[in-house]
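For reference, chains read A, B and C in written order, and residue numbers begin at 1 within each chain.
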Amino acid sequence: MEGLKQASAGSLESNDLLVFVSPGSGIKIEIESSVKLQFEAHIREAILSVVHELGVHDIHIKVEDKGALDFAVRARVKSAILRARGEK
Amino acid sequence: MRGLQRSFLFVPGNNPGMVQTADLFESDVVIFDLEDAVAPSEKDSARILLSEAFKRFNYQNCETMVRVNSADTHYFDKDIPVVATLGVDYILLPKATVEDIKRLEAYLDKLESPLGIFAIIESSIALEKAFDIATASVRMRGLLLGGEDLTADLGVVRTKEGLEIQYARNRVAVACKAAGIVAIDTPYTDVVDESYLVTDIEEGKRFAMMAKASISPRHIDSIHSVYAPSEKEVVYAYRVLSAMKQAQAKGLGVFSLDGKMIDSPIVKRAERIFALAKKIGLQVTGVEYDA
Amino acid sequence: MRKIPNYIEGYGKVTPFSGAFSDMGAKKVIGVEITPKAPGESKLVASIEEFFKKYPPFDGMTLSFHHHLRNGDSVLNAVFSELEKYPVKEITLVASSLFPVHAPLVKWIEQERLVKIYTNYMSGPVAKAVSQGKLKYPVVMQTHGGRARAIEVGEITIDFAFIASPSCDAYGNINGVNGKSACGALGYAHVDAEYGRHVVAITDNLVSYPNTPIEIFQHRVDSVIVVESIGNPAGIVSGTTKITKDPLGLKIAKMAAKVIEHSGYLKEGFSFQTGAGGTSLAVAKEVKELMLSKGIKGSFASGGITGYMVDMLRMGLFQTLFDVQCFDLDAINSMKENPAHQRMSASLYGNPHCKGAIVNNLDIVILGATEIDTQFNVNVTTASNGMIMGGSGGHSDTAAGAKLTIIVTNLIKARLPIVKECVTTITTPGESVDVVVTERGIAVNPKHSELIEKLKKVGLPLFTIEELKDMAYAISGKPARVDFEERVVGIVEYRDGSVIDVIYPMKG
């Protein structure tokens, strides 16, 4: 990730997710989810859409999901990345 | 129900579970809260959550509002650009002063945003200036009484009976009536003991409040119940309008009902009550809405 | 839906489900071997240890237990604990329900000493082990009525029927309303007492002879074992939740009440059943308000009984209650004191092959769901990853009998759509399900065109079931299909003994 810190966003409440981002090489995504079986692909896609939107190329993202909808996945990933960039 | 403004439900702006179901609770207006319901460390996250939510959801059944952080915080300047482009109907300004509203108005004008403004009256100075605040901008749509903060400012105890805010309720309501905007009563805040809920809502209405804010979806039904016309009122309204129709058919300008002269204010009230009853589908014996 | 095999190892030939009332021809109940007792012979046994010394356990035996002590039960574990001392294997367990407290059975399953289970509901470690395929033969998930039927016609033969007895005398007169471990009605135990070869009362409250009142009579009981404790009261009467405070649950309840109000079934003399969950209780409260405002008195309310239903009986809103199990102290006390609060056995409750079960006269029932599909089939047996977390209980019995079956549920729970294309497991067939009420809309089974018209006129948000499914998928995203290994770990038996679905090993 472009020379920046670790950060996190979100929570472990139902319908939310906890996102951890840290520097990495390439885009590495780890997903733990209460609905992994049914929605892993959706979650991954939502994460990637934000990563691309923010023009990030190198990042390690880890999420612990409690059934968040796509909009919340996008929001929390976005928050975490912006926080890591020091943009609050 | 969209178009009516009886109930205003606060929904924590950083809570995805509530944000995604906000329009299911049947309140007329939903207030997405970026202020008291969001911890300082999460203000940024909440803004982004609402951005993503409004991209995704179309809240059709209700009007939407966002309570931003007050103008004296550094969050305010970050909130406004985001809120102005969300696609909500209104913005709610806490701890409002006349200057704050003018500043907000200028901000919104510059962004070419159509947002209406609601302001919270929650301090003694704001209460004193209620009418000025209510008319501080053409964008003003309503005032909300913040009972907890106001009583704290006044140094009195906030009670279930609410005697201590009687004057404030009436003052805010009068200011709104004079300004032609909505007066919203302070929410009922006891989430454990709901036995005083209906009494509290009725107290607000007694002192001319026109609507009520709420911090719990469970209070919405009671609010709608209190801020609904009674059967008696609807029947009377129907009779007034029927009598008026008959008088007009005969080319008469004035008319009476039950021996009482019916003049313009009574007709206006009858029209308002009848329209509200029709809109909420209140079934009343003897009243036909399509007549 | 999935193909159901013609034959299943450890179960036998499969009769596939072909309609809720497709098998209503003449039936015959079996005769049971009885060991008469002459005067002067005692039934008392000092302990479970002494019992098995006197009546040795053997390979291939079948044991049965009722679940009136719910997650507070200690009888089942005590019996199996004693059996540890014996080299017995190939055991069949016929337990009307299994709870997390029964975790010690997992070892028996893993050692393949417990090889077959019949049950109507299970949750916790035992359910997980079975879902993982550790049980030698597929579990047979039955309904409350179906279990009674199967035992009565001899599809299941019980060698030792253990009856946890909160109150019992030395000759085997049992009730469930007295004692430190009181549980109320013993509805599920009757068929065990009537058809078990050796019926064993296990009590922690031996009273002087004769006991009063008597629910299970002495002439059914072979032995009486006295133990220190049969269960933990906190776990026994914890079955009732409070009325839900969740605003969406309350909204669903109000909508369900409106459906009931305008269905034409809410009238003088109507009958009603609801579950013990938060939303179901909220519906009961709404129905109570409706009955009070319209001055309607019902004939009966039935099912597992809670204090809420007892209130309605006391208020004169129902003539009588039919109680198969008590969920709380209020229900237990009411049963003791009020003759209008009547007991019912599982067979009387929901056996499809008796001369008319209680469910046959039920007008309205409120039920839950884990999943519902576009054919209105309901799953209350498995989660969408295949794990068993429930079972029919009385679900398909009441749905079959009731004139108006209403399923109340959220449309989506933690991103998982409850209304979906296909359920993971069918518990109750769509033909028995009439209305689905969710916070975002209501779907009525298309066969009820009149009801659809009635509800449209009242301004209820009606949708087709496909539209509800589309709504759910639009919000949560379309869930990926979960593919299961085609090994049968469970059989879902319909009330009549036909097989309505099979369960495959859980994923993840």
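Here is the rule we go by: a residue touches a chain if its C-beta (ideal position, glycine included) is under 8 Å from a C-beta of that chain, and two chains touch if they have at least 3 such contacts.
Not measured: the values here are computed from a predicted model.
J.: Pick the pair with more C-beta contacts: A-B or B-C?
T.: If we tally the contacting C-beta pairs, A-B comes out ahead.
J.: Taking each chain's centre as the mean of its CA atoms, which one is farthest from the centre of chain B?
T.: Farthest by centroid: C.
J.: Once you find the CA centre of chain A and the CA centre of chain C, what distance in Å lies between them?
T.: 43
J.: Could you give the separation in Å between the centres of chain A and chain B, each centre being the mean of its C-alpha atoms?
T.: Result: the chain centres lie 37 Å from each other.
J.: In angstrom, rounded to a whole number, how far apart do the mean CA points of chain B and chain C lie?
T.: Chain centroid spacing, chain B to chain C, equals 48 Å.
J.: Going by the contact rule already set, what residues in chain B reach two or more other chains?
T.: 20
J.: What are the residues of chain C that contact at least two other chains?
T.: 475
J.: Which positions in chain A are in touch with at least two other chains?
T.: Within chain A, the residues that touch at least two other chains are 14-15, 68-70.
J.: Considering the complex alone, what residue numbers of chain A touch chain C?
T.: 14-15, 34-42, 66-70
J.: If you look only at chain C, which of its residues touch chain A in the complex?
T.: For this pair, the touching residues of chain C are 384-385, 413-416, 475-477, 479-480, 482, 507-508.
J.: If we count contacts the way the header does, which residues on chain C are in touch with chain B in the complex?
T.: Its residues touching chain B are 245, 247-248, 250-251, 254, 439-440, 459, 475.
J.: Which stretch or stretches of chain A touch chain B in the complex?
T.: On the chain A side, the touching residues are 9-10, 13-16, 68-72, 74-76, 78-79, 82-83, 88.
J.: Give every residue of chain B touching chain A within the complex, in rising order.
T.: Those in contact with chain A are residues 15-17, 20, 44-45, 48-49, 51-53, 55-57.
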